[in-house]
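Consider the two complexes below, in which chain A is the common component and chain B and chain C are the respective partners.
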Partner chain A sequence: MMNDFIQNISPSINDTIRSLSLFYPEIGIATGFILVVLADLFFHRRSPQASFMLTILCLALVGCLNFSQLGYPAEAAFGGMIIVDRLAVVFKIIFCFVSVLFVLFVRYNQSLQNSSKGTGDLYSILLAVHLGLHLMVMSQNLVMIYLSLEMVSVGSYLMVGYLSGNPKQSEAAMKYALFGAVCSAFMLYGMSLLYGFTGSLEIYSPQFASFLITTPFASWGLGLIMLLTGIAFKLSLVPFHFWSPDVYEGAPTPVTAFLSTGPKIAGFALLIRILAPFQPFNLSGIDSSIFSMTTVLAVMAIASMVVGNFGAIWQNNVKRVLAYSSIGHTGFMLMALFVFSASGFKALIFYMVIYSIMNMAAFMIVDEIEERTGKQNIDDYKGLGKSFTVLMIAMVVVLVSLTGLPPTAGFTAKFLIFSAAIEAYNLSGSALMMIVIITGAISTVVSLFYYFRIPLNAFLRTGENQVTGIKGSPKVYITLFLVFLLIFFILFPSPIQKLL
Partner chain B sequence: MIPLSHFMFISAVLFCLGLYAVLTKRNAIQVLIGIEFMINAAILNFVAFGRFDKATGGGQMFALFTIVLAAAGVAVALAIILNVYKHFRTINPAKIDSLKD
Partner chain C sequence: MDYILSILIFLPLVAALLIIVLGSSFRERFKYIALAVTVIQLFISIAIYLDFSSSTAFAGINKESQFQLLEKIPWIRLDLGSIGKLEIDYFLGIDGLSMPFLVLSALVMFVATLASWEIKTNHKAFFALLLLLNTAVMGVFCALDFFLFYVFYELMLLPLYFLIGMWGGARREYAAIKFFLYTLFGSVFMLLVIIGLYFSVINPATGNHTFNMILMMDPSNYIGNSIFSTVANQELFGISARLLAFIVLFIAFAIKVPVVPLHTWLPDAHVEAPTPVSIILAGLLLKVGGYGILRVCISIFPEAAVQSAWWLGLIGVISILYGALNALAQTDLKRLIAYSSVSHMGFVLLGIASGTVEGVSGAMLQMISHGGLSAMLFFLVGMIYNRVHDRDIASFRGLALIMPQFTAFVVIAFFASLGLPGFSAFMAEAFSLIGAFTSAEINGLLPRWMAIGGAVGILLSAAYFLWTLQRMFFGQTRLKGGDIWLSQLKDINIREKVALVPLAVLALALGIFPSLAFSKMNASILAFIQLFSG
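Moving on, here comes the complex of A and B:
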């Protein structure tokens, strides 16, 4: 019995050693995590910003390592646990960008900086979550998928409940943690069923898809839907979106900005990884007469766009409006996945880059205004255009971009997604695809109503008490840089497109 | 030798019990216990299926990782619930509703 295993030892050790060379960025993050924890422990009093500097350095280093991996051919590592291919590397570069913005956001956020807890732990949690995000986009094994998803989830619960300074923050953290744990338990049970039917944890092994389809539909359909539940929760797709408005409102604003970008983008990468073995849907048998994966995704996309965009109209709190709008954006991004090819992924990744710039900028402006005036509701924004002219003009550009109108990069992004969806319609010719496209167009028009309530109040209505005097804060400069990027990328989209 | 179907039946029952607790209990810690039930149902499945996967032992390995992760998740959730109790003096999820539409 023992001898059977002994001959496997040296090949697996060789494989592990070979795999380490593909794992430099992740090793860098893990080292950075330990250093940040130590720096926060020992140098917190002497230099309070040591952990901030270390985190930025670590993220810059990881970004460079990621760029160096761009040219690598696709290669599986660690016995097929993870795969390093171009798609994964591009996603990892986006995460570095988002994380750097988040770290800067935390650095210049007053409520986090002034809290007695300090921000050192927040940076170390961020690095742990960042490692989880990296693993999420590379995983091709059910164990790895579950591990990385939980790594991101548990870290996110901690981030939301980090301050717990007021009832709203702790309530948001509790809702997020309980809802998230239930969804991940669902996903785990789905995984155990899939493992039972296929006898394999590797979703790319040939037996996975073929064995799965040969079992009765009632069993594999259940397993697959349960698996999708966990991912839909991370993406806040309808009907698993209930947590997102509450958590976005309650969490500290930098954390909200991070949650609406990083984990969501990773969720899409995971969705691509899980759906890839079943491509094309109609040949693999997953789209049969009783069940159709395409229909499930299409219905989710339509429902998310409708709920997100119509839900946002009735909101007054700016962070809730942005939460609902991000649900709508997720449904919209799902349209790109119906063409499961390089062109669909390109549209999706371009949209994600622009979306993360827009969302980060929007939350930074909201945070800046909240810090200076304490105003969180759209109705209170009356007359703010006079005292915060530059900031509100930046807000208008970001909102125009979120709607998807020229002259901002949001237009290019929406245009690419629509062309991918129309390509899918031409290929399949199904009426459902047409409905998805029409819903996308209508929801874009609807989104005008709620986005433009903010400039309407800020510029065209006058408020009672004027707040005067605004000194340029670092956050304003970062926002202006992001707004510049939004206008830059519609003129010169080539830097992003070269990446893809 | 106990047949595989027995394990699957027990685990399905365990999962449903956990879901019932999550949906009906009016105490955040009892909800957490329900979630533990659901996770343990999945673990039972993994171990039972893993018997037929002797070559790679994937099911057993997955079960071990899950046990550790479930403990980590519960630790975080309990800390958060403690914070909620400090602010609200209750841990009934139905009564904690300062955030709503």
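Moving on, here comes the complex of A and C:
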């Protein structure tokens, strides 16, 4: 009995040692996490920004390590728990970008800087979440998927409730945690069903695939749907979106900006991973049965676009508007997955890069305005174009990009997603796909209506009491850089294309 | 000069950036910067016009090698895996359909800039936006890559939204967003058609999917079973995919033209917009719609255009009559002119739908003629409004006695617009109607009664213009504002003359020597007809 194991020891150790070489970025994050915790413990008084510097350094290092992995061939590691392929590496680079912006955002956010808790813990939580994001995009084992998703979720709950200064924030954190817990329970149950049916935890294993081929969709479909519930929650897809407006409004603005980008992008990566083994049946096999995966996704996409965009019209709080618009964007991005191939992924990744730039910039501007004037409602933005001219012009560019109009990169991104969707229509010819596309087009027009309520108030109307303008602050400069990127990437999209 | 078109397009953008960078101590000079740009553009465009070759070897339309002043730089290349490579170029060039619009754009922009003297607030933003709009308009007329075309096309919306919204009249917010939503509604669906087209079209030279509009006009470049293939006859919702795409593109451009019943944004936008913006709206943006129908809708989907020609003609006639009847009922002078634009642009559609050389020539000439005349009319209305902040027809009477020179220009503009022989609109409308009338014999696209309907429109336009002239300018001077107005209603000044004289000259020149335009366009129009109705 013992001898059976002994044979396996050395290959398994060899595998682990080999795998470690693929794991440098994650080791870097883990080390950074410990260092940040220690720095916050011991040097907090002497140099309050030590943890900030360390986090930035750590993220920069991880970013470099990620870049060095770009050329690697796809390779599984740790006994098939994770896979390091180009898709994962590209996503990891995007996460680094988002996290760096988040850290800078936290650094220059007044309410977080002035809180008695300090920001050290927030940085360490971020690094933990960042590690979770990395694992999420690399995992190819059901247990690993669950663990990494929980790692991100738990960290996110903490971030949302970090200040808990008022009941609204506590409510947001509580709502998020409860909703998340239920969804993850569903997910776990779905995974156990799939494991029970297939006898394998590895979603790319032949065993898993052969079971799926031989058994009708109706039997394991429920498991898959429950598994998707967990991801749909992270993505805040309708009907699992109820948490997001409240959480976006209640959480500290930098956290909101992070939640609307990082975990959402990871959710898409996970969706790609999970849907991949089911693909051979997606457009042909399953569609013929009553219950179709494509139909489920298409209905979700339509519902998200409709609810997100029409819901945003009735909102007055800027952060809630952005929350609803982000639901709409998620539904829109889902279109890229109907053509489950490289072109769809490329469109999706391009969109996500641009989306994270736009969202980060939008929240930074909203935060800056809120700090300077205390204004959170669109109606209160009256006349701000006069006192915050540069900032509001930047906001207009961001909003134009969010709508998806030239001359901003948001247009290129929207264009690529539409291309992917039309390709999917060409391949399948299903009327449902056409309805999704048309919904996407109409929701663009609707989105213009609510996005442009901000410049409408800022520029077309005049406020009662003029607020005096401000000189540049770091956040303004970061925003301007992001806005510059939005215009730069429509003229020269090649830097992102090379990444793809 | 290899990059003359790029200079024409991006010169205003550079000037706009300059204005943004300059401090507010220069605020009085911004208008001169803008004016200098438009003057340079005017000279460049006239040079292009003089240098433009009108031989059939340079007809353009569906042959890339026949375009003039070509510029082609690879812009976006994206490998899309299974479906091949995506090819987007920075691709400019002009032929007889686009060249006249460059001259018109430069002229109208010049007049609009002169009209901007009335702007009193926030010069920096105003002139920066005006110059950005200038770039977009020039770009639309030069772009031959559909992606690039779309970028410029959408780029027009943003500055217009702010120009109407920030410097407009009382209901400016409503007018600005209405205009934006209407146009975007059309153009989003246009985007879907563009994507469908590039999936269907292959550049034979490189094997890539391309956005090259000229390649889209050749049926042999379509992939056999693709959605817009000419042979596969794919269907969407039970209609031929190509017909549906034609309709979608047509609606997108028809909103811009605008044709009844998609015109409701126009009276609001025109009335609320400040004078320079009204001039650009009527003088140029409506023409973008007509140009798009010629360059894109019909050239890419000719057989669908032949199929729907009867409907296009009908919409044209309805626009002519409905616009004219509405104009008769207006009490606001600016609104009257806005509706007269709807009516006059109907002739463009009627001429195009006829599918004859006369009709299309007439439509082109009508666009150029109306571009100048509507700019003139809006400028004249702006002059009155600027002086007394009123433009109700009923508030004025006998203006000829106190503003004789002004009245002279109004008479020229009105008579030219109503189609008096000797002015450009007469030539244009006559040719459009001849085209519509002969179409029944030549290609059978339009029935004769449509030409008759159009002719009734000329009658109506004579009615509303002459009636307005009589009410406002003739008789004893009686003003709503009494003596205060009398002192405010100064006659025309030098700046205004500089703006109005070129427009009046254009209307006369094209009316007496229409060949100034026809000779340059003819080769292209023949090639276009060849493509359209065979």
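Here are some notes:
Please note the rule applied: the second predicted complex is superposed on the first by the 485 of 500 C-alpha atoms of A that agree within 3 Å, B and C clash if a C-alpha of one lies under 4 Å from a C-alpha of the other, contacts with A are read in each partner's own complex, and residues count from 1 in each chain.
In this section, a contact is a pair of C-beta atoms (placed from the backbone, for glycine too) under 8 Å apart; a residue touches a chain by one contact, two chains touch by 3 or more.
All of these numbers come straight from a predicted model, not from anything done at the bench.
The superposed arrangement places chain B and chain C next to each other on chain A without a clash. Seen from the CA centre of chain A, chain B and chain C lie at an angle of 140° in the overlaid model, rounded to the nearest 10. Legend: residue contacts after superposition of the two complexes on their common chain; A:405 is shown touching chain C, with no touch to chain B. After overlaying the two complexes on the shared chain, residue contacts for A:418 are found with chain C alone; chain B is out of touch. Legend: residue contacts after superposition of the two complexes on their common chain; A:195 is shown touching chain B, with no touch to chain C. Of the two partner chains, chain C is the only one that A:437 touches; chain B does not reach it. When the two structures are aligned on the shared chain, A:353 is found in touch with neither chain B nor chain C. Applying the stated contact rule after C-alpha superposition, one finds that A:128 touches neither chain B nor chain C.
Look at A:186: by the touch rule set out above, it reaches chain B but stays clear of chain C. The overlay of the two complexes leaves chain B and chain C separated by a minimum Cα distance of 25 Å. Looking at chain A, you'll find no residue that touches chain B in one structure and chain C in the other.
Of all the residues in chain A, the ones that touch chain B in their complex are 142-143, 146-147, 150, 153-154, 157-158, 161, 164, 166-168, 170-175, 177-178, 181-182, 184-186, 188-189, 191-193, 195-196, 199-201, 245-246, 249-250, 314-315, 320. Across the interface of their complex, chain A is touched by residues 8, 11, 15, 18, 22, 28, 31-32, 35, 38-39, 41-43, 45-46, 48-49, 52-53, 56, 58-59, 61-62, 65-66, 69, 72-73, 76-77, 79-81, 83-84, 86-88, 93, 96-101 of chain B.
Interface residues of chain A, counted against chain C in their complex, comprise 341-343, 346, 400, 405-407, 411-412, 415-416, 418-419, 422-423, 426, 431, 434, 437-438, 441-442, 444-445, 448-449, 452, 455-456, 459-461, 490, 493-494, 497, 500.
Looking at the complex, you find that chain C touches chain A at residues 76-78, 80-83, 86, 147, 150-152, 154-155, 157-158, 161-162, 165-166, 172-173, 176-177, 180-181, 184-185, 188-189, 191-192, 195-196, 198-199, 226-227, 236-237.
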